[in-house]
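Dropping a structure here in structure tokens format, bear with me for questions.
Letters A, B, C, D and E mark the chains in the order given here, with residues in each chain numbered from 1 onward.
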Amino acid sequence: MKLKDILSPFTAWKHVVREPVTIKDPFSREGADRYRGFHKNDIETCIGCGTCEDICQNAAIDMVPVEGIETKDGDSGLRPQIDYGRCCWCALCVDVCTTNSLSLSNHFTWVDEDADVFRFIPGVDKKDWDNEERGWKKPEPNYELYEKERVPMRELHPEERDKSFIEMVKGYSKEEAEREADRCVECGICIATCPAHMGIPEYIKAVREDNIEEGFKKLYETNPLPEICGRICTHKCETVCSVGHTGDPLSIRWLKRYIADQVESEDYKNILGTDGIENNGKKIAIIGSGPSGLSAAHYLALMGYQVKIFEAFDKAGGMMRYGIPEYRLPYDQIDKDINYILSLGVEIQYNTKVGKDVSLADLEKEYDAVFAGTGLHLGRSTRIPGSDHENVYFATDLLREITQGKEIHVAEKIVVIGGGNVAMDITRSLARLQNQKYGKVDVTATSLESEDIMPADREEIVESREEKAIVDPGWGPTSIEIENNKIKGLHVQKCTSVFDEEGRFNPKFDESQTKFFEADMIVESIGQGMDIEYISKDIREQMEFDPRGRIIVDDYFQSGAKWLFVGGDIIQGPDVIHGIANGHRAAIGIDKYLNEKA
Amino acid sequence: MEFSIKNIGYALLTIFIVLNYGLILQGIIRKIGARVGRRYGIRWYQPYIDIIKNYAKRSTITHGVMFYIAPVFRLSGGIGLLLFMPVIFGSEIFSNFSFAGDLVLVLYFQFFGILGMALGAAESGHPYSAIGVSRGLSQVTSFELPLTLGVIAIAMQYQTLNITEIVAAQQGGFLNWTVITNPFAAAAMLIAFLGAMGRSPFDVVLAPQEIPIGPPTEFHSGLLGVLQLNRAIFPVAKLILFMNLLFGGATNWFELIVKTFFIYMWSVFVGVVYPRFRVDQSVRWFLTVPLIIGIIAIILIRF
Amino acid sequence: MNKKRFTINEDRSLFPEKNAEGKIDIDLSSHKYLKLWQGPQHPGITGNMSLELTVLGDEVMDCETHVGYLHRGFEKLMERRKYIQCFPIVCRVAVPEPDFNEYCFASAMEELAGIEVPEMAQWLRTLVLEMSRLQSYLMWIGGQSGAFGSGIIGQWSIYLRDLVLDRFEELTGGRVYHMYQLPGGVRGLLPDGFKQRMEETLLTIEKFMDDIDKVMFNNAVFKKRSVGMGYIDPSWVNKFGITGPNARAAGIPLDVRKDYPYLKYPELDFDVVVGKDSDIYTRADIRRKDLLLSVDLIRQIFAKMPEKGDIKAKTPNVLHWKVPKGETYSRAECTRGEYGYYMVSDGTEYPRRINVRGPSYTHAVALLEKMIINTNIADVAGLMVSLHTYPPEIER
Amino acid sequence: MKEDFKKRTVISPDGKPIEIDPVKDYFSDAKPKVYKPAHPVIEKFANWARANSLWVLGFGTGCGAIEMRPLMTPRFDAYRYGIQWRPTPRQSSVFVISGYLSVKTLKRVVRTYEQMQNPKFVIALGSCTINGGMYWDSYNTINRLDHYLPVDVYVAGCMPRPESLLTGFEELKKIIKEGRGEGANKYAENFDWYKANQKKIIKDWDMPDYNW
Amino acid sequence: MKDIIDRIKTKYTISEVVEQRKNLSFVTVSKEQAISIITFLRDIEGFKHLVLLTAADWIENDKFQLTYLLNNPTEKIDLGVRVFISRENASMESAHHLWEQVATYQRELKEMFGIDFPDSPGVDKPFILEGWEDIPPYRRDFDTKQYSEDTYFPRPGRESNDPAEYMKKKLYPNE
């Protein structure tokens, strides 16, 4: 025992005169800026996707309905409720939150006698820490628990594609598709928005797990035209995709196409197991072989009905074939889907226009029920001065003629009026034709809506510009200048707003700002109208119409004339997926109607 | 010395003052210890609340008769030690029952408490209590040796066994204190004092990390309250004993408080910084250094 | 120093004879022995475990450790959690030192999934591991002196640990459970002014460590209690699977940081601290030096790490991350020795089997049971703390 | 049942064989009593003392125990609020259940709780005691503490910080001062229910129903 | 590493070799030869240190996998020795004579997987669990969630909705 060892411990006593290091007031001590304290949720931003619930390993999060928050497209109306009898404050729910609405405050004290109170809906149940700025937020930068950026779709370069009608989108490879499918958080918000309510998360899961057959079956449960839909669907699902709130939405459409592309025509029946459907002896007539007609035909055929489609043109597909340019939707892909439907025993009678070649009344007699999905084929006119000129065309007519292989008039300078997808289709088709004919492009698309509210898909606008077409939105056409019976161009004025405060169509213009688009051909593409001349007067009397002349149908698309079901673009739309959904629904309705009748 | 009812009143007054002083001292000493650990520590009046709390406990369980008697023994040990010494020198009221041979009796009372505790703790049936008691007895036995040697040396020095007389002999300035006049005896006793106070390195009896917490493990509620009362009185009584024997006693309460506080601080001063000896080490230690000093003291006095 | 193995009584004639297995046949009905339970509620036992001691007088004749009071079935729970969901729970395996769990889990998973962690994240991980080591040692040092009955060191060191926890809170958002080393990277860069505040903390630690040196390591009584006590024979290191400071105190330089370099340790300059006396004091001293080494390493890390960089590698969507089939073992040097995760993946979203190899598993059961025999019951706590065991990692 | 607890015959030191039934002989199995509060004035004073002298049992049952040390040490220094630690259940008045309880620990916790003297209080820390916490699906940890012991205060967090814990103690003080800290009486009143719950999960019940 | 495996191969049969990384390989050996291979590795090849002993349940193959992870502290390499044993009456030769801590591992395996190690000291004593009556919990066929729900009754009042189903209920209940 050394003396030093005995004495040196006494140095500890110097601390007795030093200030204690105690925190004077521990009750109001605050957590660090990053502290993972109690939950906050911005319920306005939150969409109730439930990803937080999925990742929570403690099963601490419940998705519960909240008063005052409605269930709508892209918002389940549910909000996370957190059980502090489970939570471990790992903040993975914050990190994975698709909208970044969830965060943690740096408050950490919650004491109570009752064990049942430790359960609350952040943001709804008011808490002291709701307005606390500090606390855990998702780390930055480059910190993602799932990939926020979309796997880019390989496309033909503008130079490669602007002369021909070859399909420009190449489709995903297996690796790309799996990578894209991996981004899905499986919330299922998209299902409600999809008119056909496709099982989107399920088929994406099938892609991820490389189980194409399973995915393909899933597709056909709700959609008999996956090849077509996989290319030209308006993909409303992607607009509500929860992943899209803080990143790119999933390429749901391309994944659908990926599945369909992987399956060869000859394997269809095998995979779907649709051999040997028993015929139930009932006959259904379908007018029009557009998406709704084909969809209805498909599901009716599966139910055992004998289905016959009456088609006015010499090929099936309706607007899908005659309204959509080939570079977006190659004809062989249309045939792939249609051929499968036909293989189920569906007959098509081409070149038969109901109302002209055969009357609706005849169909009523001959068939147990009739489904009409005749679509919108009539172009609408702007009715501005000069719009009756012969070189003023309707986009639908031109597109149809291009498909039919007819030589159409292609001028050197073209103006397209309209901002929808059809306008873009015709713009780009004309650009290709100009390129073929003149080696240069001079086509301008102008629309009433400004660029941010243009109804056309974003990528359509971008791609149009890539193909050297000019898109100049936000102008309202006033007149077409005609000189010597030749079109000189289009006068437009600035459109300041399209819809009024109540959301009705009521454009306002700034007359001081005008512009003149030079052109020697003008294409109108401001919408289409329906042609229901084939429904004779006596039948119409049984049916109901709304003040704007549209047919009123019930939930099953059954019109006032009980045997007549109407669907597709004339009821909802215009787009393919609504048509498919309507056709499916109507098929169920017809089945129900006939069963009840029997 | 005449015994009268009045003396009982005086004794009770002494006990009351010493109890309060003991409790406050306990609080303050714990605060000082906490300060070395850089914290504030308990409130100075916490020992009071603790005692009230323990008496306010509703239930008490028993392990047998001795279990009840032990705290009483312990407390009587403390009170006995106190009451047979003059607390304030020269004061009629606080001279208590000091008599001619009180030094011997006082030494006995040192031991009395732990013996009573031994009986009760054994009755409680807890192994830690049993181990604690055996440790306590061996340690007390070993530090009694140097302590007694020191006391004998002092008794020989002053030729008396009466504490009052010993104190009287030390009056007249600090140079007359035994600690100056008989440093070896004082050293032996002060080292033994460390053992008597039961602070580390000699806290083998309670030893929270080894046998939590030794003899009183099973005592609770009111029984613990009694032990706590003793814990307030007993150390002060010991302090007064050492003050009387070594530091010239006290002629008033202020002097008593100052002196006893510093004597107490001696054990705290050592206790805070050292870990605990093992029992055998502690016994060995008492039987070496202080024992030798004590023997030297005796020899020096004798010759 | 006294190298002789400690025995209480030189005269062993009073004690019973050992049998052929080297153990004593204990006949409890002989009334010579006392059964003594230490724990689970016992201040001298680290964590919630208990020792069933059979004592003769003051001396322990037989010891059986009882664990399982903290068993939560992590290895089972992880089998029904996705990989990402295992991430928050692994750190709970060893409460006072969660980061090594996070690292071992993440690195095993990254190895199977073939993910390269970005440079910056590796530096941050190294930093967090060293900080964790620091705070764990600070907690231990209080425990070691406390086990011998000196409370004052614990007061200081837990305060110091709290300062480190404050830095942890700033960096990781968690005080005790940091949940910082996510598979693929880490969860945040250093906050503003962190280095400076950490430096202040380190200076405070160094200052207090000087005092602790004087009060604890140069303390006559502490030396008396610890020198020559709890001897571990170097030959036991392999026999019992001893790692870390316990092995280093016996003169065997086992340190995963040097032997199987991981993260950024190859770029840091340090020597393995080795002792030779293999008693409680040496082990304590090794840990003190290791603690100061951590302080030094943190400074080195700050000096060498880049200012900015990616904190996380790109990983598959964690909600359905499938780790390729395979099995691996990843290890790290924690304060107690080699910490490891053995992971078996069957190619699904859920781990097939994860086994946590905590160093306490061997130290606190087989080794402790052997070492405790023939010691004084007063030394049981000190001996146990000197092996630095954490029960939660034994039973998980 | 463990070997130690089985009935057996032992030879006493004086050579006579004695029959012992450890469970019966070594423990008392009298049921707990309900203790009526004293006169309101006395009770109020007593409650003030109880609230200001919280003796916490030093039994770290789960992770939360690690935050006890900061409380005892300079940084948070709970002693200044009248909170002190006792190593023995007999003398403690507050039992802090620091997080999850495995069945094996619960058995010890029940015993320890029963050894504490009335009035006694329980503070439950963390998610685990409320609804199972992160071990909600574990086969070895309980989900709801209030099924086995009466709980006075819950502190949320995983694990709760020392500051929260101090707030919990303050809350407990408030409860005691208001005279609502009657957990021990509640336990005695609903003794059969608590016992049934405990026995349901503690499979090797080798102790008397009540250990004082 | 490769030469070590070659050397083992000269004496024993190894059915599968996986090189996980440069200093970690796994070999599969038969139940009969396992202990003798491990002893060989410990005594001749310098794998003196046992890192861990654990098991994995391959219920679909009706096998338990035992992994003895050995470490060579001088060469700084690890070798995992895998042994597949049948799940039915699972039993394995004890290795407690090789390393002291193995008995502990074997006790745990016996308790958690029900793999018996005859002759291992104290193998039948409960290690972690107390009064366990169900099948050994680490076996794959033991459902811990189910057990917990049946035994520890979670706090009532929790109810969750799946967003997709809830939206269907709210927005298109009939479709």
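Points worth noting:
To be clear about the criterion, a residue touches a chain if its C-beta (ideal position, glycine included) is under 8 Å from a C-beta of that chain, and two chains touch if they have at least 3 such contacts.
Everything quoted here is computed from the prediction, not taken from an experiment.
Counted as hops between touching chains, the shortest connection from chain B to chain C is 1. The greater number of contacting C-beta pairs, out of the two interfaces C-D and A-B, is seen for C-D. Of all chains present, the one whose mean CA position sits nearest the global mean of protein CA atoms is C.
The most distant chain from chain A is B, comparing centres defined as mean Cα coordinates. Centroids of chain A and chain D (each the mean of its C-alpha atoms) stand 60 Å apart.
Taking the mean of the C-alpha atoms as each chain's centre, chain C and chain E sit 23 Å apart. A separation of 37 Å divides the Cα centre of chain D from that of chain E. For chain C, the set of residues touching two or more other chains reads 42-43, 68, 71, 73, 76-77, 80, 88-89, 152, 155-156, 159, 175, 177, 215, 219-220, 224.
The multi-chain contact residues of chain E, meaning those touching 2 or more other chains, are 128-130, 137, 142, 144-145, 155. Within chain A, contacts with two or more other chains are made by residues 9, 12, 15, 20-22, 31, 57, 83, 85, 88-89, 115.
Each chain pair that touches appears in this list: A-B, A-C, A-D, A-E, B-C, B-D, C-D, C-E, D-E. Across the interface of their complex, chain D is touched by residues 29, 31, 40-43, 47-48, 68-73, 76-77, 80, 88-89, 92, 95-96, 139, 142, 154-156, 158-159, 161-162, 165, 175-177, 392 of chain C.
Put simply, chain E touches chain A in their complex at residues 155, 157-168, 170-172, 174-175. Against chain E, in their complex, chain A makes its touches with residues 48-50, 53, 61-65, 71-72, 76-78, 83, 85, 115-116, 119, 187-189, 191-192, 197, 201, 555, 585.
Listed in rising order, the residues of chain A touching chain D in the complex are 20-23, 26-27, 29, 31, 57-60, 83-89, 108-115, 118.
Residues of chain C that touch chain B in their complex: 8, 34-36, 42-44, 58, 145-152, 155-156, 159, 215, 219-222, 224-225, 376-382.
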